[in-house]
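Below is one structure, written out as structure tokens; the observations come after it.
To keep things simple, chains are lettered A, B, C and D as they appear, and every chain counts its residues starting from 1.
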Amino acid sequence: MELPNPVLTAAGCGGTGRELAHFYDLRRLGAFVTRSITVTPRAGRPTPRMAETPSGLLTGVGLQGPGVDAFLERELPWLAQRGVRTIVSIGGSTVSEYTTLARRLADEHAIMAVEVNLSCPNAEDRGRVFGRDGSAAAEVVSAVRAVTRYDVPVIAKLPPDVTDIVAVARSCVDGGADALTLINTPLGMSIDVDAMRPALAAGVGGLSGPAVRPLAVRCVWQVHAALPGVPIVGVGGVATGRDALELILAGACAVGVGTAMFQDPYACLRVLRELEELLRERGFDRVADAVGLAHRPAGPGLRETDDLEESSL
Amino acid sequence: MELPNPVLTAAGCGGTGRELAHFYDLRRLGAFVTRSITVTPRAGRPTPRMAETPSGLLTGVGLQGPGVDAFLERELPWLAQRGVRTIVSIGGSTVSEYTTLARRLADEHAIMAVEVNLSCPNAEDRGRVFGRDGSAAAEVVSAVRAVTRYDVPVIAKLPPDVTDIVAVARSCVDGGADALTLINTPLGMSIDVDAMRPALAAGVGGLSGPAVRPLAVRCVWQVHAALPGVPIVGVGGVATGRDALELILAGACAVGVGTAMFQDPYACLRVLRELEELLRERGFDRVADAVGLAHRPAGPGLRETDDLEESSL
Amino acid sequence: MAASPVQVTGTVLTTRQVDAYHALTVVAPGIADRFRPGHFVTVAVGGPGSSMITRRALSIHDVTPDYGGTVELVFSVRGPGTAWLAGLRARDTLDLVGPLGRPFPLPRDPCTCVLVGWEYGSAPLFALGDVLQRRGCRIDFMLGAKTADRVFGALRARRMAETTTLVTEDGSLGLRGTVIDVLPGVIADTRADVVYASGPMPVLRGATAVAVEFGIPIQVAVEESMACGIGICMTCVVPVIGEDGVTRMVRACTEGPVFRGERVRFGDVGTIPFDALGAPGGRHA
Amino acid sequence: MAASPVQVTGTVLTTRQVDAYHALTVVAPGIADRFRPGHFVTVAVGGPGSSMITRRALSIHDVTPDYGGTVELVFSVRGPGTAWLAGLRARDTLDLVGPLGRPFPLPRDPCTCVLVGWEYGSAPLFALGDVLQRRGCRIDFMLGAKTADRVFGALRARRMAETTTLVTEDGSLGLRGTVIDVLPGVIADTRADVVYASGPMPVLRGATAVAVEFGIPIQVAVEESMACGIGICMTCVVPVIGEDGVTRMVRACTEGPVFRGERVRFGDVGTIPFDALGAPGGRHA
């Protein structure tokens, strides 16, 4: 998958594309990643669907969307006609839903890649989230890989709140994932102390924004260290070019911008501009030269970091 | 365990006690929780040990401390003489180290409770963190419980970055934990984009401060829902009385204040004052009346929250 | 969206206290130009390095052509974001995105319009009144609030409107009561052809019930929590019945905030009605 | 800690630009009272609702008895925290904790002292010089920096000291070179009895090597990243050799920032020396 630049929208944070197109030409993005498309239309969760937390945003939207038919009829053609490089995210509640979705997308020539959102609850395993279970995740990925055109990469997107992100990532790669997106939102919660109720109607929600960036950097770092050959899209709290560079130095070869677009509709373009400037300042000709660079062995006078156990204390 | 008030220091964030005593009388705390005591002295990690992140702090101190002998000789007596209610946190790298520590504490009469820090890597399981594995956690807890005086509660402290916090919590309770402390720091990372190196010498570190509060609230909520009879000390990002109340409404019966003390040495007293005021405003006579209150079934006109799956989307 | 929104770093021209409210006038040419009554803006709060990462939505109260174009915002302090706004001083800068949302639709022909506003919800109704009057409409105001100091714009309403009816819940100003108590009399007295309402959901619900009772159209400007204001986050949805009779969860920020009152399922706000498109276990396309 | 620190909400009295540095004078009585040269303060940055949750450590440059007591801080903009400080204006408030740390120990008897400062590290040396002079000591300054505009306090040094030697890495002011190049000459010329040094680790390391060479004592004020400044977070440690010959990781904020130079293992800063107390695989108590 060749992208003209490494800045993407994060799934579910760029609407249908039409909304952002009021602000700029979407062809300037590395790629536009859709919200996670589902088999049938979904009304999502009740409101309130959002609560602000310190440097973070908690949301429980519940994958509201029109379903794959309406998506293929009204949303994808709009993007395709405008020449927007599009990665389609899919979400299901059973392996067969994911397969159905991937099959429906297989005939579409306008798709750069399929991103498999594994933060969905598995209806066949008491609502356990696919991406929290290596084998369930691998099953979904290999089912999707099997029905997706050979030249369309399948990207597995994982949540960070698992005991061992490397193990889940490895399962996905073994299951046929061509690349990984790290991270989806960890589960969080906020309580309205006046109403004395959860702030979101859904109770728990996904935490996003700068608050989670250290978790994203850590996941990208760990997975890149373990699976250096696997391309990673780094997502989580990117709001500036420095943030993007942090993920790239940790091992991401592209970055997704989500919550920052809610604050700044031009966030993707600004992040790209700032990133290019930072790369230039550091003498890099291409993004690829910076990918994973923070892993290089410490030189003389530099501190050794690799021999330490990874506990948080 | 009866505490005159529900505000504690978080383990490892209040030094030896002597430092905070420059600011106020430590008897005003619900309890003082020590740093995690280890069998032998530990020099900890190299510097840099800290990096600021958005609304968060990333640290990798590495449990620097004097070892249990020096602790019992110089630190505990100082606290005991001043009548400071003290909870001793312990950390080990094998089950037998935890047992040794608990045994050494068993003769001390000045201890209110033992908190078992389960965020330590298990030297006998390739450095896997005890608290990320229900059975390893339970083994530590039951070993500690077995050698601790019957009237001294054993509190298991868990990190949030596990696939299923409820399962680990349940294992600890089954192993004999009298209470739980939620949460220790999730693993995070920050990269210095100028040096193009990890910002911490240790590479990864523990993320604390307001940024992680939504994770703490979620963990407390989930565990209280599953194990309503188990007392929980809520820790993570508490900086105000409102934050403390959030954790209490989610199910905590006491709260620990950590990182906020770095910003405001008086944080514990201020949180307590603000919390008492908020409880009064809401007509609560006792903290106990507010514990877990956000779980009550939604009344007429209130939104139902309990029937939804807990995914982050 | 009626007009393409722009992002503008505005300069605060003046700050004033108006009864219980703060009013900010901000130089923001691109936004003032495109303004139509009912539009709102979102503002970044907290300054650089703030832990508040979402914008706050505020109705545009008014615009002027001064300094290339100013917008006036009226707000009350609710939490940390509005508290920060209240601390702004002249010459400070404010980052705005706007104009956003679907403005109030205007009647084709001159007619009699009742404008119902509750607390700061009244803010967008005065620019609307101006436009309606320029089109030859008669306007009558009904302004309400919990208490007297929270009734917004009574003076200006009195200057503009044929009649102005004030109502407070505690009776501290005007009539004592709610919209439902008072609006029927206003509609009857003025022989209104249409109602415009802006305020919290219960007020809009009440006003809609009254308008439906009288068989006249009503346009309401709703308020839902918004994380983006530009249609990309899906946090601001309200159950609205479409032309085809199907209920959908539609975005208040882009499809609204102004809706035809009888199309909004006020009783189901904060739920997913079982018969909404895509409701769990409900009907599919 | 020499004195019990206090938390003070200070008011900014004046702000000035001094060469490449910002200087803030803040009314903070409790802190000024207790000040001794070498003390530092920590300041909260970013204002309410900031995403910056750690305090920034700054040396106290000077104190005055005005308005009950003021402290003066001198700093350069490094990142967002110091950028915010640079934006403060007179009458703004600043939250300080101090005085913190172990101040410079003073010689019992009058003697000749060389004060070595590098860039903003020079800031705490002037108050020290005053006290030393009051005790009858002779003082000589050596001030250095990368470039001329970053040499801090040359004028005041010239007014106070017997001799003042300036040094820059690029030769744009005074001698061209480093501390190691220039300090030996200063010590020899002044027949110094003791050295005080403040600046980044490499400068302190160099100054210590020179002082040891001359067989005279040196007191250094170190700088390590600090999350709390009051001794409770353990982030600021430096390997220091104790009286008993054992190396320990000691807190720069409470056991320091001033240490006897030859006790600091500069070459091992940023590591845990294998022979430190509690080092992995190392010796135990």
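Please note the rule applied: a contact is a pair of C-beta atoms (placed from the backbone, for glycine too) under 8 Å apart; a residue touches a chain by one contact, two chains touch by 3 or more.
Per UniProt, the chains are A, B = Dihydroorotate dehydrogenase; C, D = 2-polyprenylphenol hydroxylase/flavodoxin oxidoreductase.
What you see is a predicted model; the values in this text were computed from it and never measured.
The chains touching subunit B as well as subunit C are A, D. Chain centres here are C-alpha means, and the one lying farthest from subunit C is D. One finds 31 Å separating the Cα centroids of subunit A and subunit B. Subunit B and subunit D have Cα centroids separated by 35 Å. Distance between chain centres (mean CA atoms), subunit C to subunit D: 57 Å. Annotation for subunit D: residues 51-52, 270-271 touch two or more other chains. The multi-chain contact residues of subunit A, meaning those touching 2 or more other chains, are 12, 45-46, 54-56, 61, 201, 209-210, 303. Listed in rising order, the residues of subunit A touching subunit D in the complex are 54-55, 210, 303.
For subunit B in complex with subunit D, the residues that touch the partner chain are 12-15, 18-20, 22-23, 35, 40-50, 52, 54-57, 59, 61, 64-67, 69-70, 201, 209-210, 239, 259, 261-266. Across the interface of their complex, subunit A is touched by residues 12, 36, 45-46, 53-56, 58, 60-63, 91, 117, 119-121, 127, 129, 132-133, 159-164, 184-191, 193, 196-198, 201-207, 209-215, 217-218, 221-222, 237, 242, 245-246, 249-250, 278, 282, 290, 293-294, 298, 302-303, 305-306, 308-313 of subunit B. For subunit D in complex with subunit C, the touching residues are 46-52, 80, 84. Listing the residues of subunit D that touch subunit B in their complex gives 1, 4-5, 7, 44, 51-55, 97, 224-228, 230-238, 248-249, 254, 269-272, 276-280, 282, 284-285.
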